[in-house]
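Below, each structure is written out as structure tokens.
Next come two complexes built around subunit A: one with subunit B, the other with subunit C.
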Partner chain A sequence: MHSTIKRPRYLSYLLYSSLILLAFFVLAPVAWLLLMSLSSPTDLTKVPLQWIPSQWDFSRYAQLLDGHNGSGERFLAAMLNSLIIATSATVIALFAGVLAAYAFSRRNASMLLMFAFLATIMMPPVTYILPLYSAFSDLGILNTKVALIICYCAMLIPFAIWLMKTNIDVLPEEIEQAAMIEGAGTLYTLRKVVLPIILPAIGATAMLSFLTAWDEFFYALIFSSDLSAKTIPVAIADFSAGRVTDFGVIASVGVLASLPPVIVALFFQRFIVSGLVGGSVKG
Partner chain B sequence: MSDSNSSFISNQVSNPPPGQVSGSTDASQRQQSYNNANRDEAILSIRSLYKSYYDASILQDINLDINSGDFLVLVGPSGCGKSTLLSCIGGLTDVTSGEIYCKGKDISQLDPAKRDIAMVFQSYALFPNMTVAQNIGFGLEVRKVPAAKRTKKIQQVAEILHLEPLLDRTPAQLSGGQRQRVAMGRALVRDPTLFLFDEPLSNLDAKLRLTMRTEIKHLHQRLGGTMVYVTHDQVEAMTLASKIVVLNQGVIQQFGTPDEVYKRPANTFVAEFMGSPAMNLMQAKVLVEAGDLKIQIQREDEPPIIFSEPAATDALRAFANRSVIVGLRPESISDLPARDPQRSHSVDCRIDYLEGIGSDVYATLKIAGGDVVSRLHGDSSVRAGDRQQLHFDLSNISYFDPSSQLRI
Partner chain C sequence: MRSLIGAKQQKWLLLAPALTVLALISFVPFVKTLWLSFSDSEISALPTVVSFIGLENYIYALTDPDFILSLGRTLYFTFVSVGAEVILGVAVALLLNQQFRGRTLMRALIILPWAIPTIVNAVTWRLIYNPDYGALNSLLMQLGIIGEYRSWLGDPDVAMNMVILADVWKNFPLVAYVALAALQTVPMDMLNAARLEGANAWRRFYKITLPWIIGPLLVIIVLRSVEAFRVFDIIYVMTRGGPANQTKTASFYVYQEYFSYLRSGSGSSYAIIVALISIILIYGYYKAAKRQNGSL
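Let's look at the complex of A and B:
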């Protein structure tokens, strides 16, 4: 809505210049990534740097999206791994998170337990690497997607519980009581009453969880060794680890790898609207 | 009452011993009435219900029976435990001890979903993600009532509550009164054993509250149904109830019909709580002159008010030459003569100040060191400071024991 509040002109200038500065900070690296991915290797190594490519070079994208050559195969496999792992971890984390959050918020589950959950994500991941490695090794699931899904669930669940709990806490409890009096059990109430109301929060949690899992590098690096489990951050690192580093290829991988999170964000953005609770209780 | 007197009274009433609160005569009756035969007949029976949170005792020794078709109103000041009691009946709050019988079956440990009870919440508690029709039909959907039958019942209820044009809207698109109606529709559609109302009108504006009050009364008369209704508004209690429970600090002060509670309050708390303006309480002395009982009320700088009490009970006679508290409603002190001339006593009084409300004029005067409110006719031309002949109608006079605050 258009604001009718009058503010001094200098304040407007200040606001807009801050905005432009912020936009530059956020967008410049992305723009540079995009330019790099489309520049020819000669332009990228020229001194002084050729900022605007002399010719647009789409060959790397073609190469990466073609599964029949080496780098394309590596890239597409990593993309698929990342998609499977991040999606599974997000879905499991949300499912467990919502139920646990409801228990903490409405069924007097011990807060001590919740702080214990939260404490686990306060620790640096490196502390878990050794025990996890030997455990996964004993289970024979090193270098599998399952191992990474387990790791990411452990990371995401406490975070999801915490986010969902704060959102359930603020719901008027009478709505659930009304459902129970009407004869609904806990699961029915959750499914038909609570979940639809906290859908925006679920959307936000899903988005953040997916991004966290998608971007995770450390566990993925340690627990995966070939195409069966390697995720996209590890794949990007691999591309830069060769003898001759083609910055253009790395940039192209970067651009393509950031597409799924962007699509997820655009999709969930629709859910993240406030005011869904309006009208249920007298405000 | 003067400040010192009212604080004295409230101190005394604050913790009356359980079991004695309804007066010595009522207490023995109550003991008899709460037997098992009643419990099986009544729709709702509560037996020695206690509720406490940690050290705080919220409800103490609650006992009551209501029959099919009764409209029970729980009334009391904020924090008296009336909503907690309702919540215990609905199963949303666990009881500490005691039983709640619904149709003779103990439901105190039963899940709220299995109690066959409907509840209208103070905040309406509508489901924001559903339409009005879905809100009303929720309980039926839970019970897997076929869609066709569901739609028919929703239509019927919508018709009763004038909600037909609103069925496809969501709660956010409704006004306060409409939401209130939807909440009632959700309760009505299932035809439960018991309806619970938790201050359903307190969020509405004054005019709508009156309309909805009348509507609830009509609904009850039309559809029958047994209702338990919580309110802090004693006018709502008087108009709606077939039985009233007055609660204070978790203890039932009185359980009776609106008429009993209004005309024969069990103690000074009920006397002051029910009725607006409150019942006047005056310190008085019981005198015996030639076998006749006379009541003497002292006034400052003026001759005392003395009237005889021909209908004195033995209990009152026992207070001979001792102090009592006399209770008279404002409408019993009027510029118009009492209906029964035998029970009328005229006194010349000085009016301290006046409050006109159109239909009546409330005149405040000083008697026995405290403010006493009298209700004059709306056309009264008396002015503050004037002297006026007032008629004390003694037919509904109440006497209270100053030490126990209980009715004599």
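Let's look at the complex of A and C:
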């Protein structure tokens, strides 16, 4: 059925040269980050540059993945903090999100409230930061993972509600009604009837939430001051601003910190893109 | 359960966890910032007497040329970044909508910039722009475009645009994916009919494709504008607001007022002004989304 339209030759050239240009634009910065992480310091300070390393240097990775030196300790602690904080916030946000999404889809919660929820995450964080800082300080939880988990929950919940609401909306309500007529409670119906059907949507929401939390910088910068709570974005900012003069170390930290989100994005692309696009393309 | 509590109570019980978190972490802090913005409060170790000074902070803020300039720079960043993302994003979507070998691979490839964390993106471009050993200098020199190395982020005339380039690289994929999804809804028979009637490619795009994809595009444009307007991370890592304050955006301004000068009262009034502008943008998002989806 798909009849390929025969293109004039000049259009083919145009198409393929545009594609090469696009591929270069997208890949070049990533490739250069990777090359920097594997080049020797001498190659990185040549003018003009030695693009392909004269010898491959894996020493930074070895250094960063070994907790027995300063850089390695800082890097590994930050990765672990990020992992704990992003995972906890995602789990809590999904729990609160599913419940609220059900209220919006099936219990006529006001759409104005839904919009107010979404508006809270569109506001600049500088509007919240100072009162949060004093509150966390009074509670004695500054520079703890708990403070960041709480903030990230507030950041992820509205988004999780919105994504899951659009998925519950399109389900036929009859199955739920049948379950309830047989005497099942709301929570039971939600768990046994609705959740299994929207599992793919929950997966997509979980991944997007995790990536959002992994990426967050502002709250982490303000609320963490040492290894007990610093996340990977803050650690990277420290590495790039601090005494480290070897670009290769900074690049290696960047590569390692990008691995989890890049792997998730490439493997679950279909899920993620549909989650990202869903809200704006169809209702 | 169902017989004991009515639908209405059930609704609020289901909403309770989300409402509690958002009330405590977003709503209460917002009200408190608003309250502080009418005071002369300062951040200090000692308890200080805070007095209310009415609109004084706001009058000061709106007559402070540095703050007004930072608002202008933030708007510039927002318009140019989002504008470039939309043009590039739509162009890429049109390109990836063509038939060619390796199309699936190319569509997968452009998620890469989006997946790279914001801070890694900022650090990468800062290294690329490095005045002494940066890749951009080396590349342009080897191509014969520049005669000597330049300090891209150190030059007040170009620094902001260099930051914008880094931001566009990171965010155009999102627009491209939205545009690509919207392109799938454009009716092929209309395009074919127009082609048979002799309409050229530009006319077909302008008269048929664009009106068809403008709804979803508008939603993502406003959403990206809301995000771009609060830009902080990339500025913090790439320039810290310099050179000569040329990249000091509104969020960065508030950040410094709070955490460098420790003026919580006047800082809060700056924050509220930034919030008010955001609210206008958010209202625009509400309108665009409503137009697109009927409900929200």
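The rule we apply is simple: the second predicted complex is superposed on the first by the 233 of 283 C-alpha atoms of A that agree within 3 Å, B and C clash if a C-alpha of one lies under 4 Å from a C-alpha of the other, contacts with A are read in each partner's own complex, and residues count from 1 in each chain.
Everything below uses one rule, namely that a contact is a pair of C-beta atoms (placed from the backbone, for glycine too) under 8 Å apart; a residue touches a chain by one contact, two chains touch by 3 or more.
Keep in mind that this is a model prediction, so the values were computed, not measured.
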Which of subunit B and subunit C A:197 touches, first, second, both or neither: first
Partner chain in contact with A:179 - subunit B first, subunit C second, else both or neither: first
Partner chain in contact with A:22 - subunit B first, subunit C second, else both or neither: second
Between subunit B and subunit C, more extensive residue contact with subunit A: C
Contacts of A:266 with subunit B and subunit C, given as first, second, both or neither: second
Touched partner set for A:61, first subunit B, second subunit C, both or neither: neither
Common interface positions of subunit A, toward subunit B and toward subunit C: 180, 185, 188, 276-277, 279-282
Residue ranges of subunit B touching subunit A (in the complex, touch as defined): 90-92, 111-115, 117-119, 121-129, 138-139, 142-143, 170-174, 176, 179, 186, 190, 203
Contact footprint of subunit C on subunit A as seen in their complex: 2, 4-5, 15-16, 18-19, 22-23, 25-27, 29-30, 32-33, 36, 44-49, 51, 95-97, 99-100, 102-103, 107-109, 111, 113-115, 117, 119-132, 135, 150-151, 153-154, 157-158, 161, 180, 185-188, 211, 214-215, 217-218, 221-222, 232-233, 236-237, 240-241, 247, 250-251, 254, 257-258, 261-262, 264-266, 269, 272-273, 276-277, 279-283
Touch list for subunit A against partner subunit B, complex: 172, 174-175, 177-185, 188, 192-193, 196-197, 276-282
Sites on subunit C touched by subunit A in the complex: 1-2, 7, 10-12, 14-19, 21-22, 25-30, 32-33, 36, 43, 92, 95, 98-100, 102, 106, 108-120, 123-128, 130, 132-133, 135, 137-138, 141-142, 149, 169, 174, 177-178, 181-182, 185, 216, 219-220, 223, 226-227, 229-230, 232-233, 236-237, 250-251, 254-255, 258-259, 264, 267-268, 271-272, 274-275, 278-279, 281-282, 285-286, 289, 292-296
